[in-house]
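Input: one structure, supplied below.
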Amino acid sequence: MASNSFGDIFRITTWGESHGKAIGVVIDGCPAGLDIDEAEINVALARRAPGKAYTTPRVETDNAEIFSGVFEGKTTGTPISIIIKNKDADSSQYATIKNLLRPGHANYTYIEKYGLFDYRGGGRASARETACRVAAGAIATKILRHYQIEIVAYIKSIGAVNATELPEALPALRTATEASPLFCPDEKACAQMRLDITAASQSGDSLGGVIEFRVEHLPAGLGDPVYEKLEANLAKAMLGLPATKGFEIGEGFHAALMQGSTHNDAFVTGQEGIRTQTNRAGGTLGGISTGMPLIGRVAFKPTSSIKKPQETVDLTGKAAVFQLPETARHDPCVAIRAVPIVEAMCALVLVDALLRNRCIRLG
Amino acid sequence: MASNSFGDIFRITTWGESHGKAIGVVIDGCPAGLDIDEAEINVALARRAPGKAYTTPRVETDNAEIFSGVFEGKTTGTPISIIIKNKDADSSQYATIKNLLRPGHANYTYIEKYGLFDYRGGGRASARETACRVAAGAIATKILRHYQIEIVAYIKSIGAVNATELPEALPALRTATEASPLFCPDEKACAQMRLDITAASQSGDSLGGVIEFRVEHLPAGLGDPVYEKLEANLAKAMLGLPATKGFEIGEGFHAALMQGSTHNDAFVTGQEGIRTQTNRAGGTLGGISTGMPLIGRVAFKPTSSIKKPQETVDLTGKAAVFQLPETARHDPCVAIRAVPIVEAMCALVLVDALLRNRCIRLG
Amino acid sequence: MASNSFGDIFRITTWGESHGKAIGVVIDGCPAGLDIDEAEINVALARRAPGKAYTTPRVETDNAEIFSGVFEGKTTGTPISIIIKNKDADSSQYATIKNLLRPGHANYTYIEKYGLFDYRGGGRASARETACRVAAGAIATKILRHYQIEIVAYIKSIGAVNATELPEALPALRTATEASPLFCPDEKACAQMRLDITAASQSGDSLGGVIEFRVEHLPAGLGDPVYEKLEANLAKAMLGLPATKGFEIGEGFHAALMQGSTHNDAFVTGQEGIRTQTNRAGGTLGGISTGMPLIGRVAFKPTSSIKKPQETVDLTGKAAVFQLPETARHDPCVAIRAVPIVEAMCALVLVDALLRNRCIRLG
Amino acid sequence: MASNSFGDIFRITTWGESHGKAIGVVIDGCPAGLDIDEAEINVALARRAPGKAYTTPRVETDNAEIFSGVFEGKTTGTPISIIIKNKDADSSQYATIKNLLRPGHANYTYIEKYGLFDYRGGGRASARETACRVAAGAIATKILRHYQIEIVAYIKSIGAVNATELPEALPALRTATEASPLFCPDEKACAQMRLDITAASQSGDSLGGVIEFRVEHLPAGLGDPVYEKLEANLAKAMLGLPATKGFEIGEGFHAALMQGSTHNDAFVTGQEGIRTQTNRAGGTLGGISTGMPLIGRVAFKPTSSIKKPQETVDLTGKAAVFQLPETARHDPCVAIRAVPIVEAMCALVLVDALLRNRCIRLG
């Protein structure tokens, strides 16, 4: 029921509005004995921050502070409370637009639902909340690495430009992704994406994009039939992110165009035991991990906040024009900054599945 | 945690294997006072049954029996237990293949997870389980109708053939869908789909497809930020269905190709109050329903069970050929029978969101 | 939310009314690979049945049938559905009292809550539901025994008569309990209890009682601070049983009369490592098991159904006299039959805590 | 699963150790539109603080700060994060005892469970955590008052002294309770309690006690059969509090000494409709509120921290003497400060039951 929590065993609860004093996350169910410090979390937060090209110019050097659950450098099994102060919180600019419905935004639906809305910077509906997911994801990622599980996400497409030249090995894929100003491991595609983003930005417009993720060394057996399938929880995790419109695993929507004989992955015995020759399934069968790489994609709509004037109505229904304040932040393609967030959500789903999986056989 | 349950307030728990004595569902949290009888549930089950062309020839006239929770024709607020007996359960045909890993199937992952597997007809991993979802969905649908909310799902594509000529109004869309042997409201597309299915079937192969759903008269305000967004729960519901590989809402993956100025829906004031001029969002903003039609799509892979021989290994890892028994059921396109199941999952998500929504304001 | 479910990992969902076709339980989360058969469950059900002296004469040889989740004698990790048919279901006797509020019963509150009530034999509020707890408890008990954990419950008092001469060792305590027609291991007290029950029964009245439970070989470390303490979950389990009015652990209410210096248990080092010299705490500290025996008590009110006429009103508020039909079942002391139910609830709480506890440290 | 959360719809998650930087609570599911400010919460916290006689001398003027979920003085429906800084956190005094098992305390069980323990002042196991319950309870109480529901808790007994002269009307009961330095509405009993506490304190010892709570104007129909009965959730709430050993409702353990004819409450029709003539049940039947006052009691053990030296062992099992540092806080009777905490837990259970209850009938 609690709609600001995610996960069952490794469970996070986030709080905070974009223009409040702070945002934060409480992690309940993190195993005891894990080495953790604030610096590691801040490294993860920095990847999401706008140091990267083409993202919002808001100065937002996020600094996570751990308030509980860690003692002498180790997790204790008690809740880990992480708080990130909000720094840049001048909300006067929102005065002129506070009574207007923002196209593509949630202020209309929040008002319909709750009867009121914290209009400053998107309030709870702001992507600011995702910093908390990244902070929690940093801890989840560390647990996964304890078990050698590695995740990488990257830009697969922006607008019509696709990244097609991707390193095959995960470490190389990660290196190429980190080297890119757009988290896009295909250098050539990235160059074109930059041109397109510049053009969109200059015309006061925005672009959509697709993020792909890849997980390796995931053991077989994770995911719980029939309603807690691994891909079902990944789908929920991703569609819970702001601006997402679709999720797919393996061949995804393309699978609908294939035939059984060309889609099924044949089982073979290799050096490391049983595996599948191909991996069109994307790493699961029947909702349970196969041990093959877990691969999926998430579609992001173009940023809803654009500089162009837009037709709308005010709270009373009267026609109006919505024009973003000159000084407002503007991010021509939200998909870019979402790359570390997709990684974080992946990590949260997987660490939960991993811990759950300890309970299914007699010890 | 309980992985065989779905929903929070209107919560279903399903049980049963495809070749056990029966399958069943317990519905906890159905409001009291709803008129319900077994006939209504059986009508829903019949839509999923293989009376429709091109689906598995298994004779399976499902008959739901209500064992509790209904007294003198009305729900009492106590758990509703529905049981559907399994009729056609000769499992001897599985003897020859019980030690082989089935390409595209879950027996490998179940064995990896649990250490053993009920190999008869797919056991718990069989699509047989979805009959329980349809039975529960029939009750959920009835509650939604009490509030004038209507759902229709239909085949949007099979293989490369798309349904493009769709009636706009929901009642007409439903009528056309019901009239079609493939649940496809575009008659012309349907004719081509039939040819393609026949061809695939004759070559011992199978086809994938995409189902679209549309919900009307949904009030604004359903869905709970930030982790229980309406589309997040729909995504989880759909990716929890067998053979699904993707989910999208509104423009979905196509939104990634659009610009903010062409994707954002302008707010306007019409006769029924505030609405959006277009509905590219697909009925939600910020994870909360807008009051516009809710529209999404689900991708199904081609049926994994094909007549063609396939390379595989046995449980010990030795190479083998998997060949479906001659008498085994064969369904050349699982997407078709999944249409009522997608409707059912939609209904379950929506009734839960509707009931949840009663708790968010002071009364 | 789902109010007919209990437990998180080993989760049961029960359904069924006392005069419906059947009652049943679905167990989700039972580990795979456990040997289980119906006979074991029926042995547990027989202990709850009225073969014991002084309990209701209803002929009710319960027969549990397993419908799913067990394959070739072993649990598969999928939901275990157990169904128990109702045999003795003549409900015509309830016609004369169906519009009267029954003192001490739930028909008033059900009608206030749901607007209607299945008046036959108590409907869902009947103690009949507890047979499902016993069936599930039989499986939970088997898992606990896999880990050498043993539970015994017994009558500690009936009315003013206390059992004071109790064997110390758990096996002897169990033997004496099983030998007693009242599940009371103190033979002398038992004799007096029988006289008192006979007297109460003859005057058309009923008696209350207290059940004590004792668990041995429970490992230290079970129970989760701060809201899922072991005793908190036991308290919820017990107060969820019909007719219960109180729960206590260790010294319980008597602890309120003690001083810190006489209540605290000193830690000592014995042959089996660290333990406490005394066990006034009753087996937990800070909500987590200490490894010492877990000991608690549950108070049961006198049976609400008595033969004496009672003042009441009907559904319209008009004064009336409630008189149980001559043929109605009558159980002069519900505490007696509740002994196996208390054991079952104990087992359900403990197996859940045991499975949960696998997730709290890095593996 | 998340063991630091309580409640389903109105759900709190607490975090923080007694000697960390701060403690806090996140409330998810508070209805939107409630007027709330920090001052109201601080009034509630002050009642729990050691201004009252005979409680720990730690200077701890708790100051709650709201970090989210409230905008322009009203709740917005988003999570409310409340943080209380820890002020008096010199933990050097714990250096000498950090390797000793503390009798009656949780450090042994935490170490057994998690492998490590934040030994400073009890860490997470400290009663310090209950300040968060009181903060959340203040908001829950405000919601209940919106519906005219009132709660009062008070000391019923300390050691052998019972409060027997209690005002009958709830407002008078509350006034007398607030006037007492021990939250005990019976002035005469209170005087004797003070003498006993002083005596215990002077001898370096501690006393136990019993708290009684009373709720009025609760509508009939709250509580959900069969596992979420109102008293079951109250029992869990109370046994989750530190130092509690028992819970009872209505006549409680005394009911076990009664007969059906003397325990059953007769239904009568009064000016306000149907009610029961007596209220031995304590306000529920079948786990659902009757509309009569809800009455229960909670037993607290004597404070485990005493000044007297106690036998124990260290972490290696070597015999030692545990002696509380001279400067350590000492609270001769924890029951006293627990009065507002019991009220808070009551409020949390009831507001959750109230919100749940909106979903059980068709609207």
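Should a chain be cited, it is by its letter among A, B, C and D, assigned in written order, with residues numbered from 1 in that chain.
Note that in this section a residue touches a chain if its C-beta (ideal position, glycine included) is under 8 Å from a C-beta of that chain, and two chains touch if they have at least 3 such contacts.
Since the structure is predicted, the reported quantities are computational estimates derived from the model, not experimental observations.
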Contact-richer chain pair [B-D vs A-B]
A-B
Reference subunit A; chain at largest CA-centroid distance:
C
So the centre of each chain is just the mean of its C-alpha atoms; given that, what is the distance between subunit B and subunit C in Å?
39
Rounded Å distance, subunit A centre to subunit B centre (Cα mean):
26
How many angstrom lie between the CA centroids of subunit B and subunit D, rounded to a whole number?
46
For subunit D, write out the residues touching at least two other chains, lowest number first.
1, 3-5, 8-9, 14, 29, 32-33, 77-78, 110, 113-115, 124, 225, 356, 360-361
If you look only at subunit C, which of its residues touch subunit D in the complex?
1, 3-6, 8-9, 14, 101, 103-106, 108-110, 112-115, 124-125, 129, 157, 159-160, 200, 204-210, 220-221, 223-229, 231-240, 242, 244-253, 255-261, 263-269, 273-274, 276-277, 281-282, 284-291, 299-306, 308, 310-313, 317-319, 335, 356-357, 360-361
Using the touch definition from the top, list the residues of subunit D that touch subunit B in their complex.
1, 9, 29, 31-34, 77-78, 143, 146-147, 225, 355-356, 358-363
The subunit D residues in contact with subunit A across the complex are 1-5, 8-9, 11, 13-17, 20-24, 26, 28-29, 32-33, 67-69, 71, 74, 76-81, 83, 110, 113-118, 123-124
